[in-house]
Every structure is written in structure tokens, then in C-alpha cells.
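Letters A, B, C and D mark the chains as written, and numbering starts fresh at 1 in each.
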Amino acid sequence: MSVMSSVLLLAQEQAPAAPVRAEAPPVTAIWPILIVLGAACLSVLFEALLPKDLRWSFQVALTLLTIAAAGVKLITYVSDAPAAGETAMFGTLAVDRPALFLWGTLLALSLGAVLLIADRSVEPGGSFVATAAIRPGTVQDRAQVASTGMQTEVFPLTLFALGGMMTFCAANDLLTMFVALEVLSLPLYLMCGLARRRRLLSQEAAVKYFLLGAFASAFFLYGVALLYGYAGSVRLADIAEAAAGSDRSDTLLFAGMGLLVVGLLFKAAVGPFHTWTPDVYQGAPTPVTAFMAACTKVAAFGGILRVLQVALESTQWEWRGVLWGVAIVSMVIGAVLGLTQTDVKRMIAYSSVAHAGFLLIGSIAVTDKGLSSTLFYLLTYGFTTIATFGVISLVRDSSGEATHLSQWAGLAKRSPLLAGVFTFLLLALAGIPLTSGFVGKFVVFEAALSDGMGPLVVVALVASAVAAFFYLRVIVLMYFSEPAADGPTVTVPGAFTTAAITLGVIITLLLGIAPAFALDWASSGVFAIR
Amino acid sequence: MTPTYYLLLSALLFTIGAVGVLVRRNAIVVFMCVELMLNAVNLSLVTFSRINGGLDGQIMAFFVMVVAAAEVVVGLAIIMSIFRTRRTASVDDSNLLKY
Amino acid sequence: MSTSSTGSWLLAALLLLPLVGAAVVVALRGNDSTAKAAALAFSIAEFALAIVAWVQFEPGGARLQQAFSFDWIPAFGVHVSFAVDGIALAMIAVIGLLVPLVIGAGWLDKLPEGRTKGGFFALILLEQALTVGVFAATDVFLFYVLFEIMLIPMYFLIGSYGGARRQYAAVKFFLYSFLGGLIMLASVIGCYVLAVEQNGTGTFEWAELVKVVSTAPLETQIWLFLGFFAAFAIKAPLVPVHTWLPDATAEAPIGVAVLLVGILDKVGTFGFLRYLLPMFPLASKELAPLVLVLAVAGVIYGSMLATGQRDMKRFLAYVSIAHFGFIALGIFAFSSQAMVGSVTYMVNHSLATGMLILVVGMVIARGGSSRVADYGGMAKLTPVLAAMLLIAGLSSMSLPGTNSFVSEFLVLIGSFPNAPVYTIIATVGMVLAALYVLWLYQRVMQGPVRGDALVGAAGGPGTMVDPAVGAKKAIADLSGREKLVLAPLVVLIIGLGFFPKPVLDVVTPAVDATMCQAALADPVQSGERQLQCR
Amino acid sequence: MTGTINLAAEVQQASGVANLAWLLLVLPAFGAAVLLIAGRRADKWGHLLGSATVIGAFAYAVLLFFDTTSLAADDRTREAHLFDWISIHSLNVEFGLRLDPLSLTFVLLITGVGSLIHIYSIGYMSDDRDRRRFFAYLNLFVSAMLLLVLGNGFVTLYFGWEGVGLASYLLIGWYQGKDFAATAAKKAFLMNRVGDVGLALAIFLMFKNMGSTQYSVVFDKIGEQSTGVIVAIGILLLLGACGKSGQFPLQAWLPDAMAGPTPVSALIHAATMVTAGVYLIARSNPLYSLPQAEDARLVVMIVGAVTLLIGCVIGCAYDDFKKVLAYSTVSQIGYMILAVGLGPAGYAFGILHLLTHGFFKAGLFLGAGSVMHGMNDEGDIRRLGGLAKKMPITFITWTLGYLALIGFPFLSGYFSKDAIIAAAFSEGGSRGWIFGGIALLGAGLTAFYMTRLLILVFLGKPRWENLKSEDGRAYHPHESGWTMTLPMIVLAVGSVGAGAILSGVLPEWLAPTLGELVEEHGPLSHTVIAILTVAISAIGAGIAFALFGRREQPVTRPQRVSFPVRAARADLYGNHLNEALFARPGVWLTRFLVFVDNRGVDGLVNGIAAGLGGSSGRLRRLQTGFVRSYALSMLGGSILVIAALLMVRFA
């Protein structure tokens, strides 16, 4: 009823149409995005034009070059970027410090992910199906498993997803955000289904991810619509203005806000909107899982931060309590459900749910500290995750990856190095000092405490203590248990995977011991609010 | 006539879509329900732009349609592959991944 | 910020030497004998360094000496800064002494298949480095970091070299301490936030934080206090959060048990002195009754449970729990005598209980079982071993003439004026201590020869064999190596019983400083003396 | 009395011979250390070194004694500061010696009797392959005992106090292969520890109220303390004394302590250590002499009286040679405690009786040892008898000691015990009558059980002739070698003469420490009391003779006996009481706590873990794998979020 009346009220007065700025778009700021998307189109052409045997090498080269080039452009821009940030493309993109930080993070992470995707040494021919059209379980399927070809479309897909992510966390209005959301999601849906082995699981993951994703983006979109109805514009700044001082129906505002946030939380795999996470993480080909777990989270939380801090800051006292609840639920689900998982990838999935909870704590603290700490946490978490999945992809038996925990028993005896690296990564996920994981937790909790969220922090600490148990469980298995008779073998990784894992481990260690520089970047500036 | 009714209608459509997603088994139908939700949103977008007197709501609707079309492409591809494997499009049959 | 005084290189060396040693030993782990030799060499060198540090230390000098410090995370005002006061120095010296002995004691131990002596000793050296760091850290953040890292080598020492239920014990140990640590982390951050609120820029320098936090209102102090206390109480351990210790001690190899009980647990009581009292004086006074109750409960509860144990290593754990009760009592009775007593108790407990564990280890090595029921009349076969057990036992029941007497006496006499009732209850612990020590000695060493291994060696169940023939066969008395390991402890136990002055002199100034940071005055004043803070 | 209170002011610094006083401690300690460290290598000469060190100490003590007598009475209290032991701000515990008549008296007793018993042990332990260790322990004891009496503060006293406890533990448990010996040793140490707690608490009180634990300061300030503090300290000290001296209620350990070799019983559990309680109270006379300490003194007297009765009564019923002597010791120390409890009127007599008792009780024990040595360690007096002819020297020396003990006129016991009885009467009033009466009655009982002992062991038929000892050997009683008889002879001489000599000189010799002996005159004159005592003792002896002397005694103790005898045989149920009050509840409590710790405290921890695991196992079932249920949970979640948001806004 109140909706009705308020809308009626709203119908009377005519909001002035949003002014359209007509200056030429300053492209220097958004070169990275343009490069990535451009390269994505180019690599589609490669797929169309190049002979099969050349594609892989060309695609890999192109992708890596793209990321490198984008990175270079980014760095050159950062060196002389306005501290306050600027908007581009008629104000649809806000290129400010956080956005740049997130872009850097995304590029670096996707570099690692691409290395994993491109690897063909661990699994002959790479971990992607030769021809996605083949039905699983058929003769052809067995043939394609043996063959060394792979569906190189995964590379353009990756680039598109990356471009979408970069756009997503720089989007300055909700429509751009929605489009970017789809641009990053659709390729991921497909990539999930491209596993070379265990095709059934892979396809199932794809279906689930797709249906739920679409469902979620519908929510997101409806949220956008309601907010548009409330503010008369989808610009974050305008929404903030409207929310700060207006007599319009708050029902629209809060309903819209709710739906919008749900859409975002879904992408960020925050409980209770995490249900897709375990299944998809487990079913998708491991490199893709790495890409999703690391980059999607970064992008999603980039969006969450921007929406909460720019558009909804003035209403934080309304939504803060609710998000407290969500954070707690997420941490508890992640920590408790992780305890009894028997599949490594699934376990990491639940760990990522718990981490999403921690990240949310940082995002709730609507302060500069909250922003910078969350950004830093994203950086640390991303690299640790990439390396973790990289290691997981190395433990294999005849039927592919041996992800069942029981198969990991006594692994330290077979391959001390791998066990050592994995232990280190697990300790990082658990947040033991001298790993990036600890510094990340530390800064986030520090921000939360100084914003007066003591109880939440205590819950988080208890949760991470509980979560520590399942990390320890793996360590116990690897070190203190006798190896299984027909245990898996540890393949010696090729250059690509090695590079990816090394990158992740080094950054994890570096950020654990000398986090100062990264912290400075993360706190170098705040969202540009125009 | 007030635009409010259009809003209510779109809310109704959205709900129908959502419920449809929950109750229907066939992947195609589920997917169609999602499309229905998107279009419900389109309706309210257009309505709001009418209320606010700007055009951008209507433009947004076009964007949404394009995106929806893209989704259809991807979605049908995935559903097809599942269907060819299992000879059924029932979403309930694909639950190897659980617990 | 970076204060560097004479001998700071020394502290740095103390920290780095074991690390280097660990690395070298790992490198040599292929060859057991060289690895062992290297480990021993490094540990002895470390001990020598510790002695030099002891000599260099001027009791009358600055509160914290041999300090060095450099920035670590400027964004949070975190420094890598180390320094020692008398208390830390004493503990570091004890570590330096115990590690070589532990290595010597573990020289011939059988390890689980697939494990190398090199790995084992390397972990021990690593643990040593970390504990030295914990005691020497003067930056709260750094302290916390080392406090947590310290768990990892110990986790592997228990988990990969321990007994049958080692997995359970290791995980229990880790989770218990880790949880405590996390709760402390909340308080650590809380202190930092306070600092930021008060003077704009946050810092973790201990001295700075003391200034900031000690002036905070009672309410705040209590919360922060509880955070730290949780961690330290688990580490110490106080009743009722002690149950990880018996399991850990029972499953850990003997040498590791020595480090665990002798050194790691001291971090808890050290924390009481270094962090709780100076940083939260109001809260300390407010909550002292709580701690005292736990302490006294620990004394009685630990002692009674010790008498009820069937397993010698669990027995040792409960004995230590009782002793930690005394230490806590002395710290929170707020008199310089009691506090000095507690600090010396920390040292003496490491020596006495350390020796007790080593001796029990030698008993187990001969009898092949840790169940008390499997022993009896062993003194006939191994008189020297029996004597050693008795000496260690007498010290841990703090008989006059042994080091522990000095500390226990100081704790009790110092606590009496402020906390008479608690002290009287704790004094009952003296009787119980005699009870459990003599009980163990009688069951293991006296009476007719019992237990398969022993009877086998002695010939015929319960017969009074002539050791001259009976002992030689299977069960030999202490070997030269074992005597060498125990000798220093015996000398110190008796020596410090008569001349505790060297330790007291080093410790007292630090205690005075702590007392006056906590704004505490002695209940019994000798008149002419006034506390002045340094 | 005033003399005693400001006595602290007159403490002189030790000089000359007295500067070497530390030798007294170091000599025996050195012997012990050498013997223990040298190990088997020292087996050849160990006993010689052990004895030599103690004899040396004795020689020095004599020197010191004459040095002291050469001083004026007021300068005889001297202190030798060795080093600061424990010193923290207001607390300063120094390691120093106090050389005054009281401590010197004890030093002479300890080193003298100690030397004799060392010599005796050479023969007695000759066939024990660990004789060296035995001497090491004896030396350890002597050194600790000397520290106890020489220390110039309560903490040094406590040091010696526990030191002798350790030595006695080691020696009682000498035959550690036997469970009962080990148990007896443990029991002795534990009951002593109970007493030590009292002593410790007394020390804490002193520090709290007087800021020091040194005699000089404490005795100086004790007068200014409140009555409550004084009485408390007095009673706590008494508790300590009870533990060490086997006084009621802590007497039960002393008889069991007889499990040790006989020389140990003689030296530690008759002559020296068990009298430490008397020393403690005499030493604290500035406290007990205070008028405020009235109540404390009364308690002391009661304990003494009760104990002396208990000792006598149980002594009458036992058939174990050494246990009878042990209970006799208990009751004699009861006399001493009673005496020192009388205050200025009794301190000197207490010490006097302590000395004479030192002589004759040591002699009696050595005699017993000699008998058992010759009788395959047979301790059951019913299996002995008629040994007078077989071992004459033992018989004569033992009889002299016996006569001294029962207070035969003009032997040492006569002087010391009668003095105490007289002093007790002279307390005056009903108190005088009660305590005097008890003391008198005790004298009679003593005569009774000692006579019984004499008859059963030395007189009558040789019941052992057609018996075998438990290890199956026949008995071949024979006199012991000179190393054993010599000490017995010396002690016999002492027990004959000591009383006569000491009773004259001791009081004024001790005056600087204990204050002038206050002569009070009760209802009865001394002569009357003397006659009464002798008469009653004679009656006791007569009854004993009538009961045991004329009839043949059975070899096994008769089972069907009257209640009093049964009670006495059961130590008047003292052990049963401890058992019921402490031991059994303690065991139950321990079992209960072990259960609580495993099931309760640890159970809670594991329970939480299990709970988390279980709930996790159940919750993961919600992850059904059906995409539609996921969608439902999402929808539910979003509805909740929106509802919550709206509620926060509109409510």
C-alpha cells in the first residue's frame, strides 16, 4: 500500500532529466580496458581464421601480450593520474585510485590464471576439452581425452571476462555495471563447461552456474530498475544525492538496494548466496576455478565497495545491521561446512565463502580504512587462491586430478616440495603470521574495530579459528598419515604452471613479510564521488 | 490512468518468473522464466522513465534486451550440451555435484 | 626510533644463530651423525652467546638493554624491535641451556621411520630461535607474530615425531593456542586503535603502548586485558584451559616435552609480567582475584590430578600445571618478593621439571613404557638413575637446598601479606607436591622389582636380586652421555639453591620496573626504600 | 623474662674460634658429598671418612664450647654471618649461624651422639654392601641437623628442618626393596610436611608483621605484636614441632620409622631429630614467655600431656622391641614439650630431659640393635628372652639405660623427669594438679612397659631356642664387636651420670638464651614429688614383674585380650583416624577429579569439536545438488535481506 501511495506521490512531480555531458571521452584513462576488449575481439578473429595447429600458440601469445600491454598502459597512466580520479566515457566509468588498484590486481591475477589455463604439460593438451560438442562417455570422447588438441576459444572468453570485470569495478552507473556483470559472467558460464575430463561434472557446473547466475542478475537488474525509479537516474552519484536528501518513497530505495546487493553478493559468493560455489568450483576445470575464485571475487567486491561507499553511504545505518548478519552467516557457513568436506576443491570453495565473510566485514566499514583494507585483502586472497588451485592441479592419478582428500594422505613423503608449498598456502588461508593472509585479516579487523565493530571481529576470529581446523586437517593428512597404496602421483609442472604457482607463493610471502608498499597503494586514494 | 498499475504488473510478472524458476524442471522452461523476469524489469524500467519523464529508462530497456539475447545464446548452448549428453533437459537430473 | 645500544649485535646474533643452525642442519640431514654434530655445535654456541649476553647485562642499567629496532610496516607503525630486560634475559639463558641438553638427550632416540635426526634437530633449533624472539620482542605486533609462528615448529615436532595419538595431540595443541592467539589479536588491534585515537598515529612499540593503554578507562582495560589473558592463560596453562598440555606432553618426544613445558609455557607467565601488568594496571588490580582463584585452583587441582595419573608423562604435565599455579599466584599477589619469586620460579621450573622430564625419559627408554604400573624397584638395578629422579623430584617439591625452594618460598612469603587466604591454600600444595613426587619415586624406584622389562632384567618376579648380576643384563644404569646431560642441571639445581643471588640480582630491577609501571607498592616496606620508576 | 626479650640487642659478632663455625656444617656435608659422588670407589674407606668428619665436627664443637664458656654470660650469644641467601628489598634472609648456649648444647649432643652412632654403625652395617651410602646419608643428616640448630633465622631453621626430614626419609627407606619400608619413609616425610606447613605459615606471619625472619629482629619486635598474631604464630610453630617430634596428632609416623636400620632409630628417631620440636619451642622462648602467649603455651602443654599418655599406653601393648622404644620416645618427648610449655619455669628442664634422654634412649636403641644383630634381626620380643647371659655387655648397658629412663634414683632420668613433674605441679591450681598428675601417671606407665621389655628380652626362658627366623636360620645369639659395644658403654655411662652433673649447671648455662630459670613452688614440695615419682615408678615396675616375670610367656601374642589392649595395639586408632579423615577421602577426591578432568573439562572441549563436526555433517546435506533448491535458498535469502532492510527502515 505504502508503495502505491509513494509512487503516486512520485508521479506528480517531474524530476529534471539527467544532464548529458558532451565532452570527448578521455581514452588515456581507460586504455587497459580498451586493450583487453580489443584483444578479445582480435582473438575471436584468430579462432575464425587461424589453422587449428597454430591457434594455441597464437592465442597464448596474444593473451599474455594483451595483459602485459594493459599492465604497461596502466602503470604509465598511474604515474600521472589525477589523485582524485576522473570519469571517462560520458561519466559511465570512474577511473579513480581504487579502480586502478583493482585493475592492477585483476591483470596480475588473470596473468596467473591464464598461465594455468594455457598449460599443456600437466595434462597433455591442457585441461580443456578438444571439442566441446562431443558427448561425454562416447568413443570420440575417449579419443579427445587422449588427443592433445584443445578448445582455444577459452582464451577470447577469458579476455572478455577480464574486460567485463575491469569495467565492472570501474562502472560509475548501474546500467554499465549490469552490462559489465553480464560481460564477465557469460564467458565464465561457458568456460565452466569446457573440462577435458569429468565432462559430466563440468557441464553440470556450467548449467548450475548459468541458471543461478541468470536468476541473480535478474534480481540485480530489478534492483537497478527500482533504484532508477527512486532516484530518477542510475548514476551512483545521483542515487547517493537522492538517498541523502529526498522525500521520496524509501520503499523503492530499500527494496532496490536489497535486490541490487543480493545480485552482487551472489557474484562474490557470500553466504547465504553461495550455494552455487562448491558445485561450480568442484566441477569447473581447475584453471577456470582459479580464475573465478580469484578474479570474480575481486571484481564483485570492487563493485560492492563502490556501490556501498558511493551510492549508499548515507543510508549505511539502515543496511549495516543487515550486512552484519550476512557476514556472520557467510563466515559461519564457510567455516563449519568446510570441516567435513572430502574434496579439496570443495573445501577451498567453502574457505572462499568464509573469506567472503571477512571481506564483507571490511566493506561494511564505510571508511577509507575499510576500503583500503578490503582492497589489500582482495590482493592477498587472489594470489594465494591462484597458487592453491595451481598446486591442486598437480596431484593426479590415472583418471585426472585426484581431488579426494583421502588420496592426499602421506603426500609429504612422495613430494616434500609440493607438500611444503601447499602447507604454506593453507597457513596463508588460515591467516598465520608471516603470510599475506595474516596481514590481510589484520588490516580488515583493524578497520572494523576502529569503526566500532568489535563483536563482529570476535565472531570473525572464532570463525577463522574453526576454519583453521580444516586447513590443519589437510596438513595432518599430508605429513602425519601413511601414504595410500595406490595414491596419486605428483606431476612435474611445466614452465607455465610453475610460473603461476611461484608467482602466487612469492606474492603471498612478500605481502606477509613486507606488506608496506602494497598497503600504501591500497590506501593511496578513495572513490571519486561526482 | 496511473503508471502505478504497470509497476504492480511488472512486480507480478517478476514474481511469476521467480516462482517459475523454482517450480519448473525443464531447463528451457526455467530459462524462459528468467527471461520473463528480465522483461518484467523492462516493463518497470519503461514505466519509471515515463514517471521520471526521461528517456534513459527506455534506452536501458533496449540494453537489457540485448543482454538477454546474449544470455539466450550462451544459455541455450549450455543446455543443449547437457541435453545431448543426458537425453533430458530436466535440471533435477544433473545433481552429481552435491554435499 | 631506532635505538641501538651496546651489545645489540649480540641480541641479533642470539636470534639469528639458531636460524642459521636450523638451515645448516637441514642441509646436512642426509647424514645423521654430521647433522647431529652440527646441531649440538650450534646449540652450544648459542648457549655461549647467551652467557655473554648475561655478562654484558647491567642490572642497574636501562629497563631494556641490548635493544635494536627498525621499521617493518610503517603504515601501522610496526617495528622489528628487540631488547631484553632481566626477565627476558633469564628465560633466554634457560633456553640456551636446555636446547643443547635436549639435543644431547635425544642423541640416540629412535625416530618414526622416514624421519631424520637432522629434520628433528633443525625444528628444535628453529623453535629456539622463535622463542628467543618472543621473549626479546619489544613490539607488540612482532610479539604476536612470533607468538603464533612459534606454534608451527612445535606442531610438527609433536605431529611427526610423537607417539601413537600424536595427530590428535598436535592438532589440539595448535587449535587451542591458535584460538587463544586470535583472541589476543583482537586486543592487540584494540590497543593499536586506542593509540590511534589518542595520539593520531598508531604504534605497536611496547613502551609507547604502555603509555597509551595504561591510562585508558577501566572498562576498556578490562576487555583488552581479557583478550591477552585468554592467550596467556591457555599458553601457561591455567585451569580450566589446560587440557591440551597433558595430551601434548604425553605424545611429544621427551626432548620436545622439555621444550614445551620448560620454555613454551613460560611465554604465558612471561606475558602476564610483560604485558598484562604494565599495560592494564587498573584491570589487573580489578581482575586479580579471578587470576588468583585460577592460580590456586591450579595448584590444588594439578597436584591432586598428578597423584591420580597412570602415565608418567601425563603426570609431568599435571605437575607443571600445579607449578604454573604458583607462578601465577606470585605474579598477581602484587609484591616484589612474590613477583621475583615467580620469575625465578619460571627459571627454576624449567631446570627442575626439565630434568624431571629428561630423567623420566631415561626411565622410559629402559622400561619401554610410560605407564607407572610397569615399573617398581628400579633403584636396585639403576641406583644413579634413581638418585637423579630423586634429585629432580625433590627440586620440584621445592625442598630447601634446591633452586625451587627459593622461588616457591619467595612466592608464598611475598603473596601472604596481600593474599593470605590464597597463600594458605597454596601452601597445602607443598604437602601434595611431596605426596606426588614420593608416590612416583616409590612406585618406580622402590619396593620389589615389578614390570616385565625390569623383572626380565632382574630375573624372577619381585625377587630381591643382587644388582651386580641383575642390572648388567638388560637394564644398564646411566651412560656417560646421560650423566653429561644431567650433570649441569644437578649442579644448577643445588647451586642456585644456595646462591640464588646471581639470578635474583638480574631479575629484581625488571620486577621493580614492572611493579611501578603497574603502580604497585610493596605491602611490607623496609622503610628506607622507595620505588622509583625507570 | 625481661632478659629474654631484649636479648636480641646483645648479639655479638662471632670472632676467634667461632669464625670457623661454618666448619660444623661443611665437614659432614663434605663427607656426604664425597661419599655420594665417589660411588663404589669409596666403598673401602667410606665409613671411615664418614665417621671422621663427624668426630672432627665434635672436636671443633668442644673447642667452641670452651671458647664460649670463657666469655661473660651476656656475651655468649654470638652470630656468624656467612652470606646473604635471599635478599629482596624488605625481605632479607641471611645465611648465618647463631652460636649461643642453647645451640651449642645441641651441637654437642648431635655431634657427640652422632660420632658414637657412626662408630656403632661401622660394625652394625658391616655386611650391607651399601654401607658407604648409609654413612653418606648419616653425614647428610648431621649436617642438616646442625644447620637446624645453628641457623640464625627461622628460614635457615626451616632449611635444616626439611633437610633432616630428607635424611630421615632416605634412612627410614633404607631397605627400599621392602614396600613397608618405602611406605613408612613416605609417611614420615608427608606427616612432617604437614608440620612444616605450620612452620612455613608462622614464618609468613612473621614477615608480614615484623618484616623479617631473623631471630634477632623477630624476638625484638614480637613483644609489640597483637595477641592474635602471637598466639597464631605460637600455635603454628607448635604444629611444626608436632610434625617433627611425633607429637599428637602427628605421632603416627614415628613408630613406623623404626623400619629403618637401628642406628638410624637411635640417632634420628630418638636422640636428635625428633627433639627438634623441643628446640624450636625453646628457641622461640621470647614468644612463648610473653604474657599474651598464655593460650599458646596452654595448647603446648596439652599436646605434651596428651602425647606422653598416648605414648605410654601404646608402649605397654606392643611386642616389637623397637616400636616399644619408639612409643617410649614419643612419650618422653611429650614430657619435654610439656616442660617447655610451662614457660620460663620449664625450658631448662625440657632441655635437660632432652639431653639425658639423648643418652639413655640412644643407649637403649643401640642395645636393641645389638640384640637384633645377634638374633638375625628378630624384633619380636616374644621370640626373644633370657639373652642376659648370651650378651652380657649389651644386657648391662641396656639395663643402666632402662633404669635411667624409669627414673631410678640418682640416675639421669631421675633428675630430669622429676624436675619436669615438679614444675608441672608448680604450675599451680587445677592446671598444676592435672598436668602434674598426668606426668606422674606417665612415670608409672613408663616403668611398667620398660620393665616388661626388660623381662621379655633379657630375662626369663630363652623362647627362641626351638624357633627359626623367617629366613629359616636358627638363632645363634652372640655379643657384638667392640665398635658396637663401645658406644653402648659410653652412652651407659652418660645415662648414669649426665643427670647429676647437668641438672646443676645446665640452667645457668642456658640462662642467656632461655632466661633465668624461674623457681616456683607448687602445692607439693620437691622432695614429696620425688618420693611420689619413685614410688609410682616402683609400683609400675612391680606390676610388670608380677604379670610377666613369673609366668611363662606365649611365643605368639594372645589374641583374646581386653579392649584397652586392643586399642593400644591399634595405636589407639590413630592410623585409622588418619586413614578415615585424610587418606581415603583424598583418594576418592583424586579419582573424582581425574574423572572430571577427562570427562568434564576435556570432554567439554572435545564435545564442542564433535558438535561442530556433527552440525557440519548435517548442514552439508542441505547442499542437495538440485539447482532449484539453490535458487529457493537464494530467493529466501534475498527476501530476508529486503525484509530486514525495510524493517530497519520503517520499524
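The rule is short, and it goes like this: contacts are C-beta pairs under 8 Å (C-beta built on N, C-alpha and C of every residue); 3 or more make two chains touch, one makes a residue touch a chain.
Remember, it's a predicted structure, so these values are computed and weren't measured experimentally.
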Out of curiosity, which chains are bumping into both chain B and chain C? A, D
Chain occupying the middle, per Cα centroid: C
When the contacting C-beta pairs are counted for C-D and for A-C, which pair yields the higher total? C-D
Could you work out how far the Cα centre of chain C sits from that of chain D, in whole Å? 36
Rounded to the nearest whole Å, what is the centre-to-centre distance of chain A and chain C, using the mean of the C-alpha atoms as each centre? 46
With centres defined as the mean C-alpha position, give me the chain B-chain D separation in Å. 97
Centroid spacing, where centroids are CA-atom means, of chain A and chain B in whole angstrom: 24
Two or more partner chains touched - positions in chain A: 207-208, 211, 215, 278-279, 469
In chain B, what residues contact two or more other chains? 18, 21, 30, 91, 94-98
Among all residues of chain C, which ones touch two or more of the remaining chains? none
On the basis of the stated criterion, which chains touch which? Give every pair. A-B, A-C, A-D, B-D, C-D
Show me the residue ranges of chain B that touch chain A in the complex, using the header's touch definition. 2-4, 7-8, 14, 17-18, 21, 27, 30-31, 34, 37-38, 40-41, 44-45, 47-49, 51-57, 60, 63-64, 67, 70-71, 74-75, 77-79, 81-82, 84-85, 91, 94-98
Residue set of chain A touching chain D in the complex reads 207-208, 211-212, 215-216, 219, 250-251, 254-255, 257-259, 261-262, 266, 272-273, 275-276, 278-279, 318-319, 321-322, 325-326, 333, 336-341, 466, 469
Which part of chain C faces chain D closely enough to touch in the complex? 172, 176, 239-240, 242-243, 301, 304-305, 307-309, 336-337, 340, 377, 379-380, 384, 387, 394, 399-401, 405-406, 409-410, 412-414, 416-417, 420, 423-424, 427-428, 430-431, 434-435, 438-439, 442, 445-448, 464, 498-501, 504, 508, 522-526, 529
So, in the complex, the side of chain D touching chain A is made of residues 609, 612-613, 615-617, 619-620, 623, 625, 627, 629-631, 633-634, 636-638, 641-642, 644-646, 648-650
In the complex, chain B residues that touch chain D: 18, 21-23, 25, 30, 91-92, 94-99
